[in-house]
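In what comes next, chain A is part of two complexes: it sits with chain B in the first one and with chain C in the second one.
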Partner chain A sequence: MITYSFNVEKENFVDAGVVSSKVKRILKQIGIPTAVLRNIAVACYEAEINMIIHSYGGEITLDIDDEGNVTLVFADVGPGIPDVEKALTPGWSTASAQARQLGFGAGMGLVNIKRVSDTFDLQTSPSGTTITITFRVA
Partner chain B sequence: MKFLEIANILDAYLPFRNSDVLDKEYQYVFASDLMSDVLALVTMDSEETILVTGLVNPQTLRTAEMLDISLVILVRNKILTEDLIDQAQDHGIQLMTTKFSMFETCGLLYEKGFKVSR
Partner chain C sequence: MEKIINYTLNSCKKCMKCLRACPTEAISINRGKVVINKENCILCDACVRACSSRGLQAKGATLDTMSKYDYTVALIPTALLSDSSNQAEIETWLSAIKKIGFDEVVDISDITGAIYKFGQRYMSETDIPLAISSTCPVINRLIKVKYPMLLSSILPFEYPVEVAAKLVRKRLAGKYKKVGIYSLCECIAKLSLAKHPYGNMESNIDYAVAITDIFPLINRLKDGSREECHFCKEGIHAVVHDFYDLGLEKKDVLAVDGLDKVQQVLELAEFENLKNIRLLSLYACPNGCIGGRFLWGNPYVGRVFIERYFKTADKPIAELEFEDIFKLPETIYHGEVDMKAQMQQFLKVNQQLDLLPGYDCGACGYPSCRAMAKEIVAGNATIGECKILKSEVKE
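The block that comes next holds the complex of A and B.
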């Protein structure tokens, strides 16, 4: 098992996507197939953007097991998602004007993440949200 | 169709020429200023897809990078910063700008047989 951790800062729009770019590069180097890699990159990028837009910041952890299967954990420190059902509804968004100017806030983030991953788990409370997604590569 | 032919059709400005994609054939187009829509809808054919957008910021190129899109067309003569050009070159993305609007750009490409990205 190989593990990498990356910090994500609240509202750091300048570096939005830098972690996802690193994750994609790492996985490309170890030979993850292109189609799976693209799904991982899309999910990671959407989740990273969500953390920047909506959370107080947190950490992204990338785990690669011995068979090459990938787990990504996005753990932030709050404020939590008040209504998960709404957050998972396509088109529903609470994104700021700044996020919308960057081309986000279409209400598709969580929907996209769930769609491209093999498993999706979301735990949320006012002290933080943790999204765990996995991708079978082997 | 190769990107130099596309540039000719759109009377486009190329800030640089990426030799890695010189012979690459593109056949699909996705046009949007909403990057979440791009991330949702372009998956299967994204390596042969052109992203047409009016949104000029680092997130446009990040979105292209995540999807392995190697050609981004910026409509209505958008001004490119050095940072944006560097970012595109670092990630092997060919940029071009055209005077045409999003509607005109899509129309011209549709006329040449480009298809919607699935």
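The block that comes next holds the complex of A and C.
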């Protein structure tokens, strides 16, 4: 079992994707099969961008167990998702104009994350949102 | 396949420039010798360019094999046009190439152009979200080594020069007993595609020759006579990074040159974050194939030169069937993946890595601390070889 954690800053668009690149590099070093890796990369990137655009910042934790199964936890400190059902609807987005200008905020983030992960859990309140996703390699 | 880039001098001064230049960590320096890992080498020529004592070289085949054939054909790379600003001069070169002893010189720009057009057709007839054009062997190898997730995105097409050789062989079959097909190459990677000298035995190309090696011959043999030749505009579009989107109706294409820039884009492509782009055309060399190492001119001057052929390029694209160019996409066979063993290995390497300084200085001869840690775990190196740790002990 090995754990890594990374900080994500609110609205730091310059570093958008940096954590996902690190996660991807680690998993490539381990030799996670490409089919699984593709899903992890897509989910991690979407979730990281979500944190930058929508949250007050937070932490991404990467856990890899002894068999190579991957757990990613995206924990931010607010403001929470007011309507989870809507947020899980394709195309629905509350992204700021700035984010949209940069090509983010197409409203597929959460939908895609849920689609590619093996398990998906979302807990949200005004004090923060935590998304936990897992991927099995076998 | 044999090793293509080799260290040719007796001893190297261990400046580590090649080590640092290599984009895939394929080089290590062991007991004063440059060692290139064949599996990871993508034939990009970064190390060849970096070596200050010119010790790293990739040699093409020589022409002394021509006499064993009844009929010989030279395939001309379209990128060669960037070395001259006018058609008349190119035609005197082609005449000189023929005088070397070739029965025929064959331009392949019509085939390159046809494959280029197939790329767009493939995109409009399928719904794959993103494809990568596949005419640069370096890019294909880079993806295999470093971005394996994208391997299935490479267009399933054969290299234009290979298609050209196949068609020439078909045309001449039955007419001559022994046909020798020579590919004149503008870059190191293209040398790898032929049967000789590097052993790609499935190829229809017999020999790959570095075009730079026959420039002196061309100079000696050119006498003002011309070999008439027509070129295909779409073929020129395909070999110059700057011109790639000119011949395509849809503009959802992105052409990128140079390995640094290419890797930035591949990094995004792995996140499926190239929105509104469906076709990536990637070139390892500056400004595309016209930046190949074996060409004479500067690729930016070459771009100006080759653009002048747009006016006169009147050869239509080759009429090819999909079967003519289709190639099964490459896959990586993992075998039975023992993830438990891989995790243990990763943790062991990390343990060693924690003991190393993490400067990735290369002084030990390995391209990074992680690369050294791996060798320590494998029993091929000891931590005592780290120059930084040694100097810290002394202090």
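Here is the rule we use: the second predicted complex is superposed on the first by the 138 of 138 C-alpha atoms of A that agree within 3 Å, B and C clash if a C-alpha of one lies under 4 Å from a C-alpha of the other, contacts with A are read in each partner's own complex, and residues count from 1 in each chain.
Here is the rule we use: a residue touches a chain if its C-beta (ideal position, glycine included) is under 8 Å from a C-beta of that chain, and two chains touch if they have at least 3 such contacts.
Remember, predicted model here, so these are calculated numbers, not experimental data.
Undergrad: State whether A:Pro33 touches chain B only (first), chain C only (second), both chains, or neither.
TA: second
Undergrad: Look at A:Ala138 in the shared chain and tell me whether it touches chain B only, chain C only, both, or neither; answer first, second, both or neither.
TA: After superposition on chain A, A:Ala138 lies in contact with chain C alone.
Undergrad: In the superposed arrangement, does A:Ala41 touch chain B (first), chain C (second), both or neither?
TA: both
Undergrad: Once the structures are superposed on A, label A:Glu67 by its partner contacts, choosing first (chain B), second (chain C), both or neither.
TA: Touch status of A:Glu67: second partner only.
Undergrad: So in the superposed three-chain picture, is A:Lys10 touching just chain B, just chain C, both, or none of them (first/second/both/neither)?
TA: So A:Lys10 meets neither chain B nor chain C here.
Undergrad: Of the partners chain B and chain C, which touch A:Lys114 in the superposed model: first, second, both, neither?
TA: neither
Undergrad: Is A:Ser20 in contact with chain B, with chain C, with both, or with neither (first, second, both, neither)?
TA: both
Undergrad: Per the definitions at the top, what is the overlap between the chain A residues touching chain B and those touching chain C?
TA: Residues 17, 20-21, 24, 34, 38, 41-42, 45, 103, 106 of chain A touch both chain B and chain C.
Undergrad: Given the complex with chain A, which residues does chain B contribute to the contact?
TA: Touching chain A: residues 33-37, 39-40, 43, 46-47, 55, 57-60, 62-63, 65-68, 91 of chain B.
Undergrad: For the complex, which residues does chain A have touching chain C?
TA: Per the touch definition, chain A meets chain C at residues 2, 17, 20-21, 24, 29-34, 37-38, 41-42, 45, 64-68, 103, 106, 137-138.
Undergrad: What does chain A use to touch chain B in their complex?
TA: The touching residues are 14, 16-17, 20-21, 24, 34, 38-39, 41-42, 44-46, 49, 101-109, 111-112, 115-116.
Undergrad: With touch defined as at the start, can you tell me which chain C residues reach chain A in the complex?
TA: It comes out as residues 148-149, 151, 267-268, 270-273, 275, 332, 334, 337, 339-340, 342-344, 346-347, 350, 370.
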